[in-house]
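In the two complexes that follow, chain A is the common piece, with chain B as its partner first and chain C second.
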Partner chain A sequence: MGLLTNPQARARISQLVSKYNNIISCLCYVAGVLGFLALAHKNVNAGNYFSENALLPGLVEPDFYHDFGAFAHLRSLNAHIRSLNEDKSYKIPVDWLEDRFREIGLDVYIHNYSFMYPEKLLRGQVFTGHTYWAKDIIFLVTENEQIGMQAWLDAYHSTQNQYIFAGEMAGRSGAIQAAINLEIPTETIGRLNIKPEGLNGQLPNLDLINTVADHRFPDSTSGYKHGLETMLRMMWNQAPGVPTGNHGLFHRYHIEALTLEGMRLKISKRSMGLVDIGRVIEGVFRSLNNLLERFHQSFFFYILPSTDRYVSIGLYMPPFGLLVAPVLIKISFFDTAFLDLFQAIALWISYGNHKSEVAGKHSEGKDEMSDKTEATEKTSEPPVAESFNTVISLMPKGPDWQLLKCVGLLTVALLLAVISVMNISLAFFIATMWVPVMVLVRPTKSRLLRFLQYPLLLLVSPMGMLFLACLIQTTVVDPVKNLDDMLPNMLTAVQTSLLTAVIDTYFYGNWLFAMVTLTLLPAWTLFWSLMWTHPY
Partner chain B sequence: MGFPLLITIVVGISIRVWLFRSPVLDWVTSRNEISSPLTSWKRVTEGLTLQKMGISPYTGDIFHEMPLMLRLYRSIDNFFGPAVNICFVILDVIIAILLERIASHFGKYMASTCLWLTKQNREVRDYSPDASKLILRTNQLGLSKLYVVAVYMLNPYVVAACVGKSTAVFTNLAIVLAILYTLKGRQLASAMFIACATYMSLYSCMLIIPGAFFFAQKDRKVLTHIQLIQSVIHHLLVVLVCLVALLYLSFMVEGSWKFLNSTYMFVSDPIFYMYLLLIFMAIFKSYPTYADTALYLSLLPLWKHVFPYMRNNFLVSCMLVACTLLGPVLWYLWIYAGSANANFYFAITLAYSSAQIFLVTDLLYGYLRRDYDLLHGPGDLMADGKSPKVILE
Partner chain C sequence: MTGIVSILILLSVFLPVFCVDDGLKEELYIKPLQNGHVYIHFQFTTLWNTSRDEPNFFEHFHLFPKPLGEVLKMWGVEELHLSLTQGLWRWDKWDYPLQEAPPGAELWAWFHKDTLDVDEAWKNLINILSGMFCASLNFMDAANTVAPKWSFRPEGVSSHGGFKQFIRYASLPREMVCTENLTPWKKLLPCGARSGLGVLSNAMKLYDASYSSIGVHFRSVCRDNSTLSTCTKTSVELRQTLSIVFEPVLSSKTQDWSFKRLFNRMLNNVCPLAESSNIYVDTTNERVGEPSFSLSPEAERVETFQTPTGQDRQLAVYNVENYVGYNRVLNIAAKYRTNLEYKPPVPPMVSAHQFQTGYGQEKGGVLCLIYNRSPTQTIPVVYMQTLPWFLRLYVHTLTVEHFPVDMHVSVSAKGNVTRPSNLYYVPGRDHQQAYFLEIPLWLPPGTVTRISFQFERALLKWTEYPPDANHGFYVNSAVITTPVPPDWSLPRFTEIKAVKSSMFSRFGDLAVLRIHTEHLLVLLPTPDFSMPYNVICLACTVIAIAFGSIHNLTTRRFVIYDPKIHKGIKDKLKALLRRVFCKKSSSLDDGKKDQDARGISHHVRSDDEAFVEKSGQLKDS
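Our next item is the complex of A and B:
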């Protein structure tokens, strides 16, 4: 409260800030970016640990020592699919799967849904040879990837989707506690990739990742560079809010879920077979079997630089705050033009440039800017025509561009704050691009400066960022071998990502498209129009 | 009523009608910032249905409104049927018109009653010559009307409360009527509406005290303590009778004497005191909603002359906007996503209350500082060239 009530201390601070505001802003930005990247270093982040003691990882005697006929199943499945695909139908061999599951002794249900294609799903209770299972285990095979998964989830929870008609479900169990999604492309794989990123950037409870990671094969690579790469890759995947696997749709139903993706072997150093994967799955399920309540301990907001280390929300928020600080500093630098909230409201309503008769008497915390808002006494009630003029005069001419910039910076700060609590990765990438540009943009008489501002602003526009993201995707994250393919690949990526964003909005409730069009685009337009206003 | 006023009201109505037809309606209605368990229209319909089925609405834990209100809601329901939305729009327009009347009477009150202007004319010799800019002129007093109506009709909080069909609007209506009749000097009507407001929402009983002060000093040049106490007792009795008439328990008579001493400094301006109480009620009541904030924000322009002395407008407005945006997001993360917990949302409600407390302390400071400057002049610098430091004790 001292700062709020003591005008002298406030004046001193605001003088300091307005005197060195450029240097401070610059320092904050650089410190923010570097601080965020430094989070990948093992001296900064913390080692993973189990919060939920009930998981008791690794305390059971594993039973999964031989392949239980997995190879035989796989071979016969492959043969079956080959025979099916002779007539080019490319459908899931539902009957075959049903027979085999029944053979093992599971209850099998087939769930049909309509979207465009029919969909079949199977569910069962397994490991009938053992008495220690305290929970039902559901084996789910879906068609059409995420659409199938969404249909099954909708049917299981009796929720409605406007575009996917889930239909009725025959077999149902209780509340689902966790889900593991398997993507195993071959018999022998090099390593297992844990993919936690879900819809709208939501992450599963860190304890689930710990449980899986505890049964993993040891992480051979370490060091800062590898950690940074892993962290940035995870943030890159999280930012668009598109699930990286079928698991991403579970999070919305309070089900912790992740995908285990088997990566193909490049160099034959070490290989895992189906037995090893089976052992990992068994370990995870035995741990989950011990759970008494939902996952509620540990963290939901984190970034992972490796499978055994994490960066919690308490660690990544301070650098992010520093990153956004220049925006706030610039607002406080401009604040004298905007101090009178009611004046701004009045502008919006219908009054003319009514300035309070003693506006110049804010004796506290002022800088040179106050000269421009010097009191103009105007008390007569303006006619309606003038009130429309006032709204038009909000399109700033004269010194009012500072007011517009102030509102713009405020919008950006609020947007980033809101996005950061939902999806820190997205907020980080937007902030790194927007903060310097938005702080620098101003109307200018110099043609050179204006031509320098065009490309900068265009680059950080929503479309510009989409292009940039696709460029990074095709060159750095998922590089194409042939350079000639790069440009067409990138353009295709731009088109598909736009279309996917819209479809995802309707099918799964992804917020990205709505957020960009309803909040980011207007904010950006504000700065674009700011550049076109008269400088003074 | 001027043309700008009419336009403001028409624009306000259009926004409301448009929102009632837009898809956000369901979301707004279910927001707990807008309608709490005490003020939700959904619960009113539940109560009406229960009553229709011959079950007492008070048997369960669903319905929390008073029995007389239930009668009122039933006749509203009968009259408007499915078009009950219109009723809320009409109520908002009525409140806006009443607020316009309040602003107009407030101008007269400042111009003619025992306070500011006469006081300023009478005591103008005491004032510092530098204070001439601070003295209110009659033509400035009419300005507040449009501000008040516009802040009510176009305020997102008010619009949200209206579209969310919060029954707090009825309490607001009673409070607005109470303030209006106090300013008009109609003691019986004022007391009746304070009793009505108290009946609907207990916190409004605090408004009795400033009302009593107002009527005690009305038409009196000199006020003795005995006269004051007599008058306060008289007013309390009137309110009490009204409350009893409304079948309400008379539990507020006790404790009211305590306010007398601790708030004596406000006796010079009971309306300001009444206003501060409105803010305090909005901050500290259980289950606060935007409807409570919206009411006092609408009346804030009445103290337009104090604004230049307020120092945290910018901070407070930023805090309010940030809380309004972050509230639903953290609620989502807590209830739906399950990734955040109650503390995240609690932190935001705390920040929201803090913003309102900053606003009320700032307003009080500005009010007192203006009084100080009237006497000593708003001198920018002291003899040694430094800004003077004014300490509030």
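Our next item is the complex of A and C:
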């Protein structure tokens, strides 16, 4: 009899894990968190490289060597806007833009859309400048930021949105391969910021970031501390699933997109002008022009500690697994140890299976539904309570609260596993907060312990986490100078983020609100109700 | 004596030539387009007074290219239309061309009514043409070929009046057209590219343009200029066309053009085999305020005529013979008086656009917008679309809607849904047959007609993906065919009557306009092709290294066995002696004895023994 086929040996392992389960859980959690943070170190992650040779960024010889009247255009535009704004109508100067684009020989189309009140947006298209351009280039100027972008994308793909009514489009090209969104606030900037995070935490192909980062960019500073800061900042932006720029809406259509944001000059040694930005753009477009196939070679799941290093899904998943391991261990080993680890895993799998079956049944009934609502339905449909019966029937009999906690932990483990595949940053932040609390919470006769658990549980409730997130946002990420403003600022931030989450769900199909209200909140309620059960 | 012989030889050489009754016309049509483009159209027409009924049909060739003629005769081809195009004709900006062609390669042919197996004839035809024109026409196999019912009618005299079992149509939107296709086309010209207008066909310049299309069109025409129905004697006609759209503004900031600038060549002689060699330049100002230009050298005559709607049109005509020879060269140049100002293009009366809708890798849709901008006329059209078999067309999703052309149309808006009165649909079959759809429609005046349908993307077998699978798969352009009424005020249809050039003869009594929309690039669900390789490598490594040892570790119990402890001095001596004298003789027996005595698993024991033996051998050596 061998190690695993011997029931005695197995029992011994189970007993060992069971005996030290608290220590093991604790070690797993700490190792998980530390392991995740260590990913920012350059010994752990890997250097970026081009998977798609067709991009060949080294071959590009710049033609953009003078400003092509960019400054004159800018001055004239500023004057024009000033004259427009005299009558307090802050509209985009459609006519001016149309004239200028047409002057340089582009095809210009104006696309109308409405979402409550009609607005205009403008789009220019060029197909030849030099004969080496093998692809159409679309210049898009939108109003109302992301709503305008969404309307344009809807019209381009003839998809329908319940709340944004896009007009039929006159000028179109074929399938779009990549999109670069520019946010340049001033004439001279200190550095360029790459913003890849899109809707629902989707990221563009890593090759696009490589292409952009390779074009004479001011490098991001190296060093572990800076790398960790950059990585956490990216995860912080990715977690809510709200696009950090107009580019975020393209990812759903399989268009790789990112935003280049010009950062204002602070205390910088070097500055970039419009010509430098023009050269970067030209280089990126010339590289993209070489592309024969769609972006498919490089990674879609990654975290960036700097522009030239990346952490792939294969690297960040093991620490995350360690982070969630305490939940799985705790399902199996309560004090009474009535559940075997293997049984727990089997239970977990069957639970997940049941859940997806329920979701499948529900979506089958509703045909002709847009992908977006279908996806929301899928996340929302499996009612946690409905699945309980199945789970409970599978479980051996034990004390009531232990059963409830077991189901709760199962739900948490399942949720974290699912979220980690869609949006690792969100899963990581939830896991770091939920895992210790959920593992520790239990009904108790001691009043002191009870009153220690209440604030902990409230802190990790969806609302509590929102507060915490806003607190971190106002103190760490975007520090407020005046401390007196902090609290009101935070409160407004909480209000607006709640509202935008709802609006994002309806306008762009953001999953966050649906996911929190329909899965995280019920799971948390389980643990909250656990506190009120009778302890044995 | 020698004189007589030489005369005889000369006669024998020229006799067949005298018998052949054929002629060649060379023509070039130049039209400056909106916003600085220039449209150039070459046409070389060979007319041969012979017909299939005559005994020595296609036997003695003179001007007609022999390689092509033999193929046409052998496979009973009555009419053939081949076009190889690089670039997309921009209908909204460039108006109508003289010869329409979709991007890539397009071939359609009518076969004679006596052809027994049309499919076999088609197969042979595409393979021969494929070699002849260096194009991958051989991919126009059964899965790609259709037989349209209404869209493509015979353009000449037909032996059967146009039954659809005698036509085959196929199109390859992905075909890249370049010099290697132009060279064989030039070889078919009686004068080649050595003299005449063919000199201008400089590949270096032709494929540096916005649009470039070569065409070969063969048909039977009436010899005595009567209508098709009353035709008694027929001739065969071969038209070779070359259409280019240049954009001279790109290289220099002016829109001036000349032969020298456009082709980097000039005309210095005429083709001696040609009956006539004419150049037409359209000098009409389409719109008021459009910059006018002056031509040099001046044309020998300028034809002025009126369109039915009262527009004045002008055409400058050059007879090349009068301009070249005796060290004179012809370099027609246009000089503009003002600089180019870009203006919004004025789209033509009927135009169409097609695009893909939806996103994701499971389903998709095709949407086609057909514009009828005429304020008064209802225009009949036939919409034709071919979908490859791996895009499974859902016919039940087919909708046809009309919208007013000037109304703000929303993507989600519903127009006047019409049920097409007739529909020709051939369902596809996996790997064998493409989905084919033909819908005759009436376009009400001043409307946009929106035709839309959904499809599902099928999974291909992994060997069926091309090497660059992530590039996507091309879908043919939709073809919108409309008969042109005689009073339609299109410039080119008016010119037919005015100039009496054979270039416009195609529109004689059966004027048909064919609009090819944009072709589509559809992405199919594509596997990661490096994945199988990775999986195989990984799986083999795991099995080789990990499986054996882990399997042993988990299924067997191991006990430490130290030969030093259990063996006495006598045994050691024995073993030593055995190793020295008879290496293999009694080892088996001893091993068995040991096993029985100590109850050690055979596995471990034998391994151990092998090790001991090996080390013994090493020691010996």
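The rule is short, and it goes like this: the second predicted complex is superposed on the first by the 449 of 536 C-alpha atoms of A that agree within 3 Å, B and C clash if a C-alpha of one lies under 4 Å from a C-alpha of the other, contacts with A are read in each partner's own complex, and residues count from 1 in each chain.
Following the convention adopted for this analysis, a residue touches a chain if its C-beta (ideal position, glycine included) is under 8 Å from a C-beta of that chain, and two chains touch if they have at least 3 such contacts.
On a predicted model such as this, the values are computed, not experimentally measured, just so you know.
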{"item": "Partner chain in contact with A:H251 - chain B first, chain C second, else both or neither", "value": "first"}
{"item": "A:L203 touches, of chain B and chain C: first, second, both or neither?", "value": "first"}
{"item": "First, second, both or neither for A:F300, with chain B first and chain C second", "value": "first"}
{"item": "First (chain B), second (chain C), both or neither touched by A:G167", "value": "second"}
{"item": "Chain B versus chain C as contact partner of A:S446, first or second or both or neither", "value": "neither"}
{"item": "Touched partner set for A:N43, first chain B, second chain C, both or neither", "value": "neither"}
{"item": "Which of chain B and chain C A:N53 touches, first, second, both or neither", "value": "neither"}
{"item": "A:L414 touches, of chain B and chain C: first, second, both or neither?", "value": "first"}
{"item": "Chain B versus chain C as contact partner of A:R102, first or second or both or neither", "value": "second"}
{"item": "Residues on chain A lying within both footprints (that of chain B and that of chain C)", "value": "4-5, 252, 254"}
{"item": "Interface residues, chain B side, partner chain A - complex", "value": "2-4, 7-8, 133-134, 137, 139-140, 142-143, 146-147, 150-151, 154, 300-301, 304, 307-309, 311-318, 321-322, 325-326, 329-330, 333, 336-340, 344, 358, 365, 378, 380, 387, 389"}
{"item": "Sites on chain C touched by chain A in the complex", "value": "35-36, 93, 208, 210, 247, 249-250, 342-345, 353, 355-361, 365, 367, 369, 408-413, 448, 452, 468-472, 518, 520-523, 526, 528, 553-557"}
{"item": "Chain B contact footprint on chain A (complex, rising order)", "value": "4-5, 7-8, 10-11, 202-203, 251-252, 254, 300-301, 335, 338-342, 345-346, 348-351, 354, 356-359, 361-365, 379-381, 384, 387, 410, 414, 417-418, 421-422"}
{"item": "Parts of chain A lying in touch with chain C, wherever the complex brings them together", "value": "1-5, 102-105, 107-108, 112, 128-131, 154-155, 157-161, 165-169, 172, 174-175, 252-254, 292-294, 296, 371"}
